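Chain IDs A, B, C, D and E follow the sequence of writing; residue 1 opens each chain.
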Amino acid sequence: MPSDLACQDVSKRFGRFLAVDGVSFSVPGGSFFSILGPSGCGKTTLMRMIAGFEEPSGGDILIDGRSVVDTPPNRRNVKMVFQHLALFPMMNVGENIAYGLRCRGMGREEIRRRVTAVLDRIGLPGVAEKQIHQLSGGQKQRIAIARCMVLEPDVLLLDEPLGALDLKLRERMKIELKLLQHQFTTTFLYITHDQSEALVMSDRVAVMNHGRFEQIGTPQELYHAPATAFVAGFVGDSNRWDAAVVRTDGDRIAFATTSGEGMIGHWAERSRRPAIGDRIAVFVRPEAIEVRRSSAEPVDGGEVNRLSGTVESILFNGAASRLLVRTANGQIVEADLPQSGAAAGIAQGEAVEVAWPAERARCFLAEGRAP
Amino acid sequence: MPSDLACQDVSKRFGRFLAVDGVSFSVPGGSFFSILGPSGCGKTTLMRMIAGFEEPSGGDILIDGRSVVDTPPNRRNVKMVFQHLALFPMMNVGENIAYGLRCRGMGREEIRRRVTAVLDRIGLPGVAEKQIHQLSGGQKQRIAIARCMVLEPDVLLLDEPLGALDLKLRERMKIELKLLQHQFTTTFLYITHDQSEALVMSDRVAVMNHGRFEQIGTPQELYHAPATAFVAGFVGDSNRWDAAVVRTDGDRIAFATTSGEGMIGHWAERSRRPAIGDRIAVFVRPEAIEVRRSSAEPVDGGEVNRLSGTVESILFNGAASRLLVRTANGQIVEADLPQSGAAAGIAQGEAVEVAWPAERARCFLAEGRAP
Amino acid sequence: MRTRDADRLALFLLLTPFVLWIGLLIVLPHVGVVLLSLREKIAPRVFEYGLGNYVAFLKEPIYLNTLLRTAVMSLLVTALALLVAFPVAFYIAKVARARSRAALLLLCLVPLWVSDLVRAFGWIVLLRETGIVSGALQALGLVAGPVELLYNDATVVVGLVYTVVLFMIVPLVSTLDGMDDSLIEAGFNLGGSRLTVLRRIVVPYAMPGIVSGSIIVFMLTAGSYLTPVLLGGKTSMWFTEQIYDQFITRFNWESGAAFGVSLLIFTSLVVWIGLRLTGQQLATTVARR
Amino acid sequence: MNAAEPRSALLRVCYGGYVVLFFVYLVAPLAAAGVFAFHDSEFAALPWRGFTLDWFFGTAEPRLGMFHDRRLLVGLANSLVVGLIVATAATAIGTTNAFLFERKDFPGKRILFVLMVIPLVIPGVILGISILVFASSIANALEDRLDLELTFLRPGLVLVVLGQLSFLTTITTLVVAARLRKLDGALEEAALNLGAGRARVLATVTLPFLRPALVAGFLVAFLVSFENFNTTLMLVGSDAPLTITMYDRMVKGGSTPVLNAVSLFLILGSGLLALASILLQREPTRPAATTNEA
Amino acid sequence: ETLRLLTWGGYASDEVIKAFEKEYSDIKVEVTLSNNEEMIAKLRATGGSGFDLAQPGFNRIKAAHVEFDIYKPLDLSKIETGRFDPIMLNRVVASTSIDGKVYAVPHLWGTSGIMVDKTKAPDLKDWLDLCDPKYKGRTSMRLARTILVGSAFAMGEDPYAAYGDLKKYQEIMSKVADRLIACKDNVKAYWRGGDDLSAMMLSGEAVASDTWDSTTFKIFAQNKNIVYVPPKSGAVGWIDSFALPKKGRADDAAYKWINFVTRPEIAALMGAKTGAVTAVKGGIDVMPADKKEAIKAAFTDADIANIKWAAVIQPGVEDIEGKTLERIKAATAK
């Protein structure tokens, strides 16, 4: 039966620097929870507190409802996959995996059996005798996980375990990790600064910034309904424009960007209301923006924002290609490149029109800095 | 006037190992040319020959039509941005940039002027006095480029210059680099193993594998008309299935995948013809695959391949979300997640139908190993 | 907290051997030497405290000259060792193939394998008038008669450089090893000549190694005994020889201690000035290996 | 090709030649000393009078070979004993020091660190005399006040050991600390995380990782102890280590090529030791392909 | 039991030790080689412990003991004094008695003079002939008190007489220093150990040097042209003696050793080995034939009468000598 993990108002102070600032969350047993945030936001520190390598300056950490802050790290049944894996170079693969079992004083034969079983499970049968340096990156990755899983931990912590892998391998391991978790049905707590990893793998994601959780939610919630400017900018690609509020009408607000374009957007912050003249940050996803040739007859797509400009540059990237459009006022708008329909084949320098509905322009008070 | 660069049948042998194998290409003055290939394929070696750090074992390297193989590296007007930048840690920013000018014996005043000018140009005015370690990753990047550009080189070589940067910064620098190149109108030769970098920035891209060029073309050509199995697999995401030819009819061929699905595809290799029974590799891009709920009425989309299965997993990633569908025979098909229309909102476990036209299933003889 | 106490206990346990070592073998003995150097002999077995030994030292030009001579020669040896070692270190760290590197470095350690005595002995066998070099020169017809290559300052310098050069090579190799090859390549790529790259990139980068090597070499040279004594000529006095003489042939511990303290102060001063001039720090340069 | 290597063939040959010359310089005196170990004469000087093995195996005066020369053998034994004790102690203290300076924070750490480095730059003579003086004054005081005669405080092997320990500990500390610095803390944390107690982590992860440095430190300490002269000379009593025995022989008795024989023996012995250390410490060679991923 | 000897090179050869250990199977002999200065230095450092029997020159015992308290008196009843040449014994006993207690008995004696390769330097006869420009760069000396004293005699002074008057002694030494500094160019190198010297002489690099007679006799065996010349102004005589370090632990063994090596047959062995004469009755007669011959060839009776026997060194003398030697060493040759 997988265990749940909870943090209650956990903080960590290094001298006068608050690395983790009152973080609370709970992870239901067996689910995949990610913490997503930029470098230095305190992710590793939080994880180290859960593993027992740092003592919280405040708050409590509970596993299955029991506080573990006074349990020394080698007694917590919380295993960790380290950022650079930390496989023991002086032991071979089998010894690495057996290490934790030996610490428990398990018999030789039993250990051998379990090591073999877990190696089968991760799809690497027969590598027990290999040296660590003989493994490929992806294999090391899996050994590091096996080394923890063989101990049947309550919770598995993973600290950016894919960071060291190359691009193509990372893509593959992402999917593989998710499938592994399904197999072991252990609670996973996963740290990353790569939003696509967090979105693809997790049941729920917490977005962390400056030691605090900005939002906790499913990947879809974070993507489609970011709660703060930081989340809107950090999760997924967006156009981000600085603007000033011109008029408000419920959640619908009119604003002018710094380069002078007037637009209409949707107020996305729950806790605060905008006033006229407030500086705001506006986020529009490239896929929300429709691009048409200016020569094409206007269509009423229901959108309210409509700007004309010329194609500054085409960023071809297959299905994920983008257009940079520069409006008359000099505003740069990034939009998905239309690959089919009337707008297909747009070329650099062409005059185009870009348009998007007000609901897709999310507005926040502009205090969060650009990610 | 920007110079052009050409390589003619250039090879490099290390002992018995052929690191670069008869590579020829030419880069018109002022254009952005990328070499894309997996780690260890010989990209850096090729670049080092152009810079003069390695002597070619065969072939010739020409700049503006003149051979440079006998020119020592410090006399070639080919400047290089190194993989780890190689900024001089014992000099400050200004001295780093001035280094090359000093080597040319330029006057103090003139050097100061040019350093200031180039720093303005790259958008970092006033950092001349800073120490290298005080710069952020992106700033270092730009200083490394400025250090070369201030010398007005014929050709600028860049060896995976974004490799060390973090994800978000890499995205931004990609665009910035392209804009910088427009500004300086120098010939850029860019090395990367990240296909999205190559596609987004380049005028033309060469795909390299095992020391050889597999294909040279515009990003669009590579993406839409890969010439070899390797290119098809390496550039952009694809489903890759191993199969055997069942029947041929001109370029249209029928085949059966290893898991037993029968499909129809398009022969994409120009130089060879398939025979019945040949083992082939088939590539289908996820965006080419249409997903429908099985319950929906069948539409005649002109496609010939149509399989039914269930949704194994949803890989949510915003606009780039994917579906994994497992067919009755156990074949996994990766398709773009429909975000709108009748198929929007498909859930895990649902029964679906996937379909794609024969032209989008590109077939190659299966000797290239999986990337 | 439990962990705090454990931490404190661990700190205490680790500190104990350190303090015993540094206290009993370094600090207290040196305090002892300083105290001893302040004892003046008035009559057999009668002493009183004072600066007499130092006054005597300063008043006797022979001692001062010897100290200066030792310092100047040591500096010369240091400079020569640097000059000799740098190309070799550069070769080992940057030019040699990765495989031969360890072997070459091991070869550099050859002089360490045997004592000063054997090394000096070897030089004597080589350089004496009836020695191998002289014999070889005669056989080659380069000289008419036997030549005495022993017993002069040049020989002492050659012998000393030999003894200490590895202490220059090791830190140089380790700093140069840490230098990314691409820095050198960038130096060339940006138009630098071989000399420019050496002067503006390689040497500044190797500075910590140069300084730490120089300090150790200087101190070793200034403190060496056998090489200058056995190879030295009629006039070659070395300051350590004076110290040994005071202790061993004159049994005058008090003035010997004063000599020792003077040597320590003087050489430390030289090192301090060196560190000042190069902007390095003792702890960081010497400990960086 | 290597950017650091000269491009012009002439320069390359000159550079290579210089390096070769340098190594000839390094080997020459040792070779010279070694060759005369086989000299069929009682003097290690030209002209060459023929080849003999007497200086190793000769059994009678005046051609008493080193393997039958009791004093040389006693000196060798003393050197070995001193070397082993010193190397063991220096490595042990060096290891605790390394942990102290790499792992602990405490007030005054910087100063203590400088203090730790300093013995390396104190001339050996001064280390010798300071310990001699210190030990003598304690011994004298004990004798005067308590009528207690502690012979180990008088010149002898104990003081030799202490004297060598005084500066060798710095070397071993630096060697072990450098390795400890390279130990990724995550390895130890991983072991803790997998359920090992502190002692077990030390035994299974930390010390195995430090092993090359411990071996290197031990060997360097042993070799340096073996060849040390300056410090030892001041502290030696009636039982002298080999270098002192040889020195006495050279300066006070008449020397014969038996000294060359001993030298050659030492050269070969320490050469083998050094070689062994290299072989022992060689990390498993990594295939080029996997190193990039680390 | 271990007998720790602090002695000169050659004074306790393996042969003698083997014979001794065979006779006294419970005693092991351990030898530390040394010289006059170092013996005192060592005993000073150990406070008189660490050794059981020392063999310093008889003239240096008194001052060192007064200053450092490093010896203990001898019990003459345990020594077979009857074997000793009475002149030698009296000379030593007289010079090493403090407060009526005797601190040393003689063992070996010899002289310091000049060693000459007679084919190459036939007319070298006195100490200062080493400074004869004819032999420029071909002579050697040991920078030690012998050459100072010898040169002083050669310059017509009597340094021993001046021991009581330090000022006078200082004057003499200054003169000697000036002379020897002027002579520096003539000297090829100052030798330090017997090894240096024999290598230089045998190879022909040097043709003459000051040295002990015993050393010369040893070299004579290798090259009959190298002979000992007692200087015209007098060879300097020395007697190495036996003294008991203050905290020696094996006094009995020490007495046994003294009595052992003064046996005629052992004395002969010693003489053969060292070339020095044992201070037993008829010491010269027990020498082996070739050594006896060498001695007879070297010394006429007049020479023997002319030996300047070392006088007991007074406190302060060594300081003056030491400084003088340093001056000579440090001076640049003119």
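Note that a residue touches a chain if its C-beta (ideal position, glycine included) is under 8 Å from a C-beta of that chain, and two chains touch if they have at least 3 such contacts.
As the structure is a computational prediction, the values presented were derived from the model and not from experiment.
A.B. asks: How short can a path of touching chains from chain A to chain B be, counted in steps?
C.D. replies: The least step count works out to 1.
A.B. asks: Going by the touch criterion at the top, tell me which pair is linked by more C-beta contacts: A-D or C-D.
C.D. replies: C-D
A.B. asks: Return the distance between the CA-based centres of chain C and chain E, expressed in whole Å.
C.D. replies: Centres of chain C and chain E (C-alpha means) sit 37 Å apart.
A.B. asks: So how far apart, in whole Å, are chain B and chain D when each is placed at the average of its C-alpha atoms?
C.D. replies: The computed centroid separation for chain B versus chain D comes out at 55 Å.
A.B. asks: Distance-wise, how many Å sit between the C-alpha centres of chain A and chain E, to the nearest whole number?
C.D. replies: 91
A.B. asks: For chain D, write out the residues touching at least two other chains, lowest number first.
C.D. replies: Within chain D, the residues that touch at least two other chains are 3, 44-46, 132, 250.
A.B. asks: Spell out, as numbers or ranges, the residues of chain C touching 2 or more other chains.
C.D. replies: Expected reply: 128, 130, 185, 188, 247, 253.
A.B. asks: Two or more other chains in contact with one residue: find those residues in chain E.
C.D. replies: 192, 199, 203
A.B. asks: What residues on chain B touch chain C, complex-wise?
C.D. replies: 51-53, 72-75, 78-80, 82-84, 86, 88-91, 99-100, 103-104, 147-148, 151
A.B. asks: Okay, in this complex, where on chain D does chain E touch?
C.D. replies: 42-46, 61, 64, 70-71, 74, 132, 136, 139-140, 143, 149, 151, 154-156, 237-240, 248-255
A.B. asks: Could you please specify the touching residues of chain C with respect to chain E in the complex?
C.D. replies: It is residues 44-45, 60, 62, 65-66, 128-130, 146, 148, 150-151, 229-230, 233-235, 237, 242, 245, 247-253 of chain C that touch chain E.
A.B. asks: Which of the residues in chain E come into contact with chain D in the complex?
C.D. replies: Within the complex, chain E contacts chain D at residues 4, 6, 8-10, 13-15, 30-35, 42, 45-47, 49-51, 192-196, 198-199, 202-203, 218, 222, 247.
A.B. asks: Can you list the chain E residues touching chain C in their complex?
C.D. replies: These residues of chain E touch chain C: 37-38, 40-41, 44, 64, 66-69, 184, 187-190, 192, 199, 203-205, 315, 318-319, 322-323, 326-327, 329-333.
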